[in-house]
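Okay, so subunit A shows up in both of these, paired with subunit B first and subunit C after.
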Partner chain A sequence: MKFRAKMIDVGCLNNFTRVVNTISKLTKTCTLRLTTDNLFFMLSDKVANGGVSMWCELSQANFFDEFQLEGVSAEANEIYLELQPEYMSRALRTAQNAKSLKVKLTKKHCPCLTLAAELPSLSSASRLVTHDIPVDVIPRRLWQDFKEPSVPDFDVSIYLPPLKTMKNVVDRMKNLSNHLVLEANLNGEMNLKIETDLVSISTHFKDLGNPSWSDEASQGPSQARAPETMAHARVDIKKLQQLLTGQQVNPSKAMCNIVNKRMLHFILLHEDVSLQYFIPAMA
Partner chain B sequence: MPLSTQSEAGDDQYILVASLDNVRNLSNILKAITFKDHALFNATPNGLKVTVEDSKCLQANAFIQAEIFQEFTIQEDSVSFQVNLAVLLDCLTIFGGSTVPAVTTALRMCYNGYGFPLTLFLEEGGVVTVCKINTEEPEDPIDFEFCSTNVTNKVILQSDSLREAFSELDMTSEILQITMSPSEPYFRLSTFGNSGNAHYDYPKDSDMMELFQCTKTQTNRFKMSLLKPSTKALALSCKVSVRTDNRGFLSLQYLVRNDDGQICFVEYYCCPDEEVEEE
Partner chain C sequence: MDCMVTGGNVKVLATSIHSLSRIGEELYLEPQEDGLALRTVNSSRSAYACFLFGPLFFQRYSSSKSSTFRCKMAVKCAQAVFRSLSSLEKTVERCRIQLNSEKSRLTFTLHCKHGLLKTHNLSFQDCESLQAVFDKESCGNILRAQPRLLVDTVLHFPSSLEEVSVSVSGEQVCFRNHVEEKAEQGKAMLTELSLTAEEFEQFTVGCPACVTFCLKEMRGLLMFAESSGLPVSLYFDAPGRPVILSLTESVLEVNFVLATLSEDSHPCNDNRNKSTEGLQNAAPPDDFMNDDIDSYLIAMETSELAPGGHGCVPPPPQDANMGQLRARATSEGEEEQSEEEMGRAPNKKFCSLFFGSVLPTPSQVTNLTLRSQEVLASDSENEEEDATLL
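And then the complex of A and B:
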């Protein structure tokens, strides 16, 4: 097993940092899957993390100038690592203005992902900051746990309003309630609602537009659906807030798929980065 | 007004309808009196008065005159209800309470009468939020019987000068002692904290002092914890009038200018802590 990669462009470094920061806000531990073409940050839906799952896909060519990978074997040319994204986020903080960043898999006292940043200096001597992030190498027999989630058979798919507006609303609602109902229809309307003993609040967004998924898996129920009929899911407001507060990808496209009473599936797209986040509905 | 279409048909049923183009004109002034959850709203044709009390020793009132609202319709002489102020503020700032002048949230506030919720329609950038806040049984506010004819001493200060003093007050002191006198030290704030005693004196002919009308030397102590909430009002205000009456009760009146340059008032009444023993 071998992995080494190098990043030189400061724009790429910033983008990569933002992605890692986002991941670190969403989960304490995650799985990093490395393939010859892509990096994946993944969180599978275990009960321990409240049923939330995440899937973030980056194309390595858009970030790295050098990328060498030798997987477990020739036919399984991949590496799966478990790590704490917070450590990676902290390591990248010191690498902010780095001239270059090297990432490699090393064997120190334990397996580590080593991030070495070459910082600019005034003298000829270069300054090198190295972070060793402990990782667990996930054996091949467990890989099947980390399959790309299929786009669920949703009832309504809708583009999200500006996430900042949505964040403001959800922040206030979180002060008042633990749960939130998100509902939307095929008329481009979406509502956020809470109801408590003290107050009921509903925020109405309209003209959001519905993405067309005609060539995708999901047809069936959504085809025959009356445009004004709402699909809804009641979710833990903290999970939604985490996504809205934590996301630093500033997506050019953000959408939500609703499986009625079952699940919310968020997709944030920014250039070549895609982040998917699943929040299960509560009873 | 983007909200005017919202509930035009049902407006007759409301005994109170108040609209604002900029919700900050209400939310800001309510923040100045937010120290307890329960707030009593009393609406009359003159406007809205919001009262918050603590420990029967402190009362804060915010006045928002009818003219501040773009629409203020009331069907009865007086309408009272009580709501949870923290909840109301979360609702009023649901869109984040942006301070960018170009972005404002419009508000339409409606009340149906006893037993009904207070309904808010808020709109910003085409997004509409409807809030229904359950109202509580209104409790009569305490009458502090603070009467202007009984006022012994009165000063009007630029808020800047008092803000500076309050920001430097020794908060380890349990009390704030206010001395007002026709002779030296004129107007003095004193604290007695862990690191010693401190006095802040204002000369009566200072530029900061707009009015100085003290007839008798008075020294009163007030619980710091009770006065602390008033610093929120101080922060917003441009002028403050400090008055004490013959019983040693304190009245602080703050003149607050809103985003549109209109003037509102916030007042705090506070009971004195104890008699100062003369030695």
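And then the complex of A and C:
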């Protein structure tokens, strides 16, 4: 198993750092899957994660200038690692003005993902910083646990308002309640609601628009829907806040699919980065 | 004692107090003939810091008439006088520090813009002189650099990191985070930064070595260095011997003396630093093997010197391999030396020994010497008891 990659462009480094920062805000540990074309940051919906799952896909060519990978075998040319994205985020933070960044899979005291940054210095030689991030190599028999989640059979799909606006609303609601109901219909209307013994609050958004999913599979149930009927899900407000607070990708498109009373599926798209985040509904 | 600080020097003085506050809880203030000394030692007595402001630093400087006055106070109180470093420069024109011996108060008077006068009367405790004995010149390795270089270096390590290891070889110096337990090494991120000799103003490596010390105190010094822009010199040699961080200017001398982990607890001994390994092994045999806890200790010594006597006490032979920080308590009259082997103070990592204070009267000399040997210097309660004997 071999992996090495090199990034030279500062813009790429910044974007990559933002993605990793976002991931590190969402989860303590995650799986990094490396293939010859892509990087995936994944969190599967185990109970230990509170039922939340995440799938973030990056095209390596958009970030790296060199990318060499030799997986387990020729037919399974992939590598699965478990790591703490916080370490990666911290390592990248200190490499912000690096001339180059190398990412390597290394065998030190334990398997490590080594990030080596070449920093400008006062002399002709560069300063070299290396960060060895301990990783667990995930054996092949467990790979099946990490499948790309299919777009769920949702009832309503809706574009989200600016995430910052949403964050401001949710931040305030979080002071009052632990749970939040997100509901939306096919008229482009979305409501954020909390209800406690003392107070009920609802924030209404309109004219958001509904993405058209040409994908036949998901289209089925929603076509039969009356446009004004709300689909809703009640979720842990902290999970939603984590997503809104932590995200640094500033997506050009953000949408939410609602499976009535089952889950929320968020999709953030920015250039070639896509982040999907699933929050299960609570009773 | 009466002195006046003006202009930009007020900020320098204020920054020094803030910097000391990162190390210890008490500020030892001693007006000496060669200037005003501000010192502190951390609670585990593994770090000592001293700022000496020469008479020319002040617009007016007079030390006490009787040269015996020295005191300590909570560093927080002194810090409160100069609360906001950033606004200080704009608002304060002069600062006067004087001793009000009638009321036993140390008075800080800040003369601010628009004729505003702020007076702080700080209570203090009499104390013995706090002084670590160290010898920078004997250190084999000297690195001097602009503060920016070291500040940038330290930035790569998380603020929660406690200890950093520095290793030097002929051409470069390498900083890495120190992870204590083997078990933790599999979980913690290891960061390593190497700098070439060219980035330093002075790069003298007499004995390639790797030392580990607390980052917190170094950050304290760097805070001061960065604001003053003075180059920082790092003096060290073998593991276990103290690292001395120092800044010098014509009217100012700053020394931070930090304990280092001794060799057998040192990460560089295993595999990482092959270049220095040979040398370390070639060092004369020592008895570190026998005292693993002591590995964190710095040997201390408390001695009584007559005011004029500034001689360094030669290290006791059995300590020769241990990092030594020796403290000297001075009072007039008696001359007495007592040496303390540092005992082990549990629960503390660099539990070292500093300055058990001994202020013996002739009849007490023998007793006190014995007592201070039993009592670890890390027990500061006893120190105060001793002080109140006078």
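The rule is simple: the second predicted complex is superposed on the first by the 282 of 283 C-alpha atoms of A that agree within 3 Å, B and C clash if a C-alpha of one lies under 4 Å from a C-alpha of the other, contacts with A are read in each partner's own complex, and residues count from 1 in each chain.
Keep this in mind: a residue touches a chain if its C-beta (ideal position, glycine included) is under 8 Å from a C-beta of that chain, and two chains touch if they have at least 3 such contacts.
Since we're looking at a predicted model, the values are computed, not measured.
Of the two partner chains, subunit C is the only one touched by A:His109; subunit B is not.
Once the two complexes are laid over each other on the shared chain, residue contacts for A:Cys12 go to neither subunit B nor subunit C.
Looking at the shared chain after the overlay, A:Ala125 reaches subunit C, while subunit B stays out of its contact range. Looking at the shared chain after the overlay, A:Arg90 reaches subunit C, while subunit B stays out of its contact range. Contacts of A:Val137 after superposition: neither subunit B nor subunit C is touched. When both complexes are overlaid on chain A, the residue A:Met282 reaches neither subunit B nor subunit C.
By the touch criterion defined above, A:Pro161 lies against subunit B but remains apart from subunit C after alignment on the C-alpha atoms of chain A.
Of the two partner chains placed by the overlay, neither subunit B nor subunit C lies in contact with A:Val72. Common to the subunit B-facing and subunit C-facing surfaces of subunit A is no residue whatsoever.
Those residues of subunit A that touch subunit B in the shared complex are 161, 164-165, 168-169, 171-173, 175-176, 197-207. Against subunit A, in their complex, subunit B makes its touches with residues 84, 86-87, 90-91, 93-96, 117, 124-134. Per the touch definition, subunit A reaches subunit C in the complex via residues 87, 90-91, 94, 108-110, 112, 121-125, 127-134.
On subunit C, the positions that touch subunit A within their shared complex are 146, 149, 155-156, 158, 185-196, 198-199.
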